[in-house]
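Letters are used for the chains, namely A, B, C and D, taken in the order the chains are written, and counting of residues starts over at 1 for each.
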Amino acid sequence: MSLALDLFTVVAVVLGAFFFLAGTVGLLRFPDSLSRLHALTKADNLGLGLIVLGLLPQATSLLGVLKLVAIWGLVQLSGATVAQVVASAIRRRQDPPS
Amino acid sequence: MAEFLLAAAGLIVATVAVGLVRILAGPADVDRTMAAQLLGTGGVATLLLVAAATEARGAEDAALCLALLAAFASIAFVVAAPRRDGR
Amino acid sequence: MTVLDLLDTGLAVLVLAVAAWTIVARSNFAAVIGFMTYGLLLSLVWARIAALDVAITEAAIGSGVTGLLLIGAAVRLRALEKSDTAGQVGGLGRVGAAVLSVLVVVALAAVFLSAEGQGPSLAPEAARHLPQFGLGNPITAVLMAYRAIDTMLEKVVLILAVIGVWSLAPDGAWGGAPANLSLAEPDPALVYLARVLPPFGIVVSIYIAWVGASEPGGAFQGGALLAAMALVVLMARLAPAPEVGRLWLRLVIVSGPVTFLAVGLLGFAIATGFLAYPTAYAKALILFIEAFMVLSIAAMLPLLVLGPPKVPGGRA
Amino acid sequence: MTATTLAGLTGAALIGLGLYGVLVNVHALRKILAFNLIGSGVFLVFGLVARRGAVAGFAADPVPQAMVITGIVVAFSATALAIGLLLRLHERRVEDAAAESDNRSDNKSDKT
């Protein structure tokens, strides 16, 4: 049982780290700000989400589980808002109001 | 297990550190903000992994603070930034 | 070299790289973003050297209020940036400054490397009296009991800073409200966040302040988080910046240090002297003081970010 | 080399970087940033001192750590006041410049 859980942790954390890598590569390689923003949101949502998912079996208490889920939820909320707000800031910059 | 989690933490720090090149390169300030945002999320992930690996008391609470303020820097930037040019 | 060493070395290199960037960056704005990143990395370093209380403080203040303060300043000083090249330090001056800085670093590094092994420690002393206060976190005990007067005066320093900032107001605006944080109509997504996030933020702040009695955390950290929530609401323009002449605002600001002082004076009557707590009620009294400190910190930090009053008030 | 020694050396390097920044940067805002770098470098040195005081089951000496927390609060207060002064000074300069260009038409202004 514990071996299966550990394996789950390893797989989820590796996947999460992969999405951080993907987000960073996108941030560096994509040609314009909007596509870079797209890459960034992948790291925010999937990267951290998978790492939290992977750490859940390692949590030692109910409070620990609750904290992990709360952290993921807060980052989700913030990430979504930041994507919206930054995207409209980029748009404003590209076509300035007449 | 602890070694693996720490290695993952190290990998994420290294990854988002490379992303910090965007802070140096820009070109626009909005790109710099995005790099900072990525580092924030990466910081949360790192703290969580270190907390699970070393059982450092309070590392999770530090991650909770960072998660709560995850949007703060980017929003501060957008709100304060002058309207027309982002450069 | 273990994985952990690699992580630590990588962090140290990153911190220094970002710090160097804030010095050499061409635009103020880029430097300020670098500085915010720097605060975040620093809190990871603090977490690595067994100073979680400091890590939480740095996370709460470094990635929250400080960033907003600096960004606001960078934007308002943008015009100045381009014109102000007078007094530029020449090549020789730069070399001199670099040599001096390197010498300082080498001297300090030599001292740190030579000081191997155990240093003097007050840790056992701090821990021995912990049960007397019903606390589990020695740092909270240091802040609230052993060196309580430092903490009380630190709050007075904050008040003095607020008075200092307010006193920079133009004559006509005295007693009025500071300028708005956002220049334009806020984005709908930001308004949504400002409605949803603060309830969670309030719970987390209270948790961090409460847990400080036994685990890393404490009143200042909780107050700084609460202050950040207030600033989110102000940035979304869900509430106007308060007029600084209001009595309630001033009462909230002084409530922390005044409660501290009152309990401290009460120590003469119910305990052994100034700022001493009776053993039976020590924890309750400490938490009582901390509750008011959270409030006054949560009020003062946003006021410091908002700056001096700009708009004439109704009842100045 | 332990995390603690490394943090101490990082602190030393930060003090040096900050000192260079304070001396070389012209813009006052950048001087404030550099000064904050020196401050956080000193705080890291306190972290080293705290860690050297780790005896008998304690991870670190709580007294220097508590002093760092107080220090962070005071550093923030000072930064906020410095920025307030800087912004006000800037406003006054802009106002004076505007007033001067108004006056220039009727009398010769003597610039100070």
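In this text, contacts are C-beta pairs under 8 Å (C-beta built on N, C-alpha and C of every residue); 3 or more make two chains touch, one makes a residue touch a chain.
What you see is a predicted model, and the numbers here were worked out from it, not measured in a lab.
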item	value
Distance in touch steps, counted as few as possible, from chain A out to chain D	2
Between A-B and A-C, the pair joined by more C-beta contacts	A-B
Between chain C and chain A, distance of the C-alpha-averaged centres to the nearest whole Å	27
Whole-Å gap separating chain C and chain D, where each centre is the average of the chain's CA atoms	13
Distance between chain centroids, defined by C-alpha means - chain B, chain C (Å)	19
Chain C, residues touching no fewer than two other chains	4, 48, 50, 53, 187, 190, 193, 197, 200, 204
Chain A, residues touching no fewer than two other chains	70, 74, 77-78, 81, 85
Touching two or more other chains - residue numbers and ranges from chain B	33, 35, 61, 64, 68, 71, 75, 78, 81, 83
Inter-chain touch pairs (all)	A-B, A-C, B-C, C-D
List of chain C residues in touch with chain A within their complex	187, 189-190, 192-193, 196-197, 200, 204
Complex interface listing, chain B residues touching chain A	1, 4-5, 8, 11-12, 15-16, 18-19, 21-22, 28, 30-31, 33-35, 37-38, 41-42, 44-45, 48-49, 52, 60-61, 63-64, 67-68, 70-71, 74-75, 78, 81, 83-86
Of chain A, residues touching chain C in the complex	70, 74, 77-78, 80-81, 84-85, 88
Chain B residues touching chain C - in the complex, by the definition given at the top	3, 6-7, 9-10, 13-14, 17, 20, 23-24, 26, 29, 32-33, 35-36, 39-40, 43, 46-47, 50, 56-59, 61-62, 64-66, 68-69, 71-73, 75-83
Residues of chain A touching chain B in the complex	6, 9-10, 13-14, 16-17, 20-21, 23-24, 27-28, 33, 36-37, 40, 43-44, 47-48, 51-52, 55, 58-59, 64, 67-68, 70-72, 74-75, 77-79, 81-82, 85-86, 89-90, 92-93, 96-97
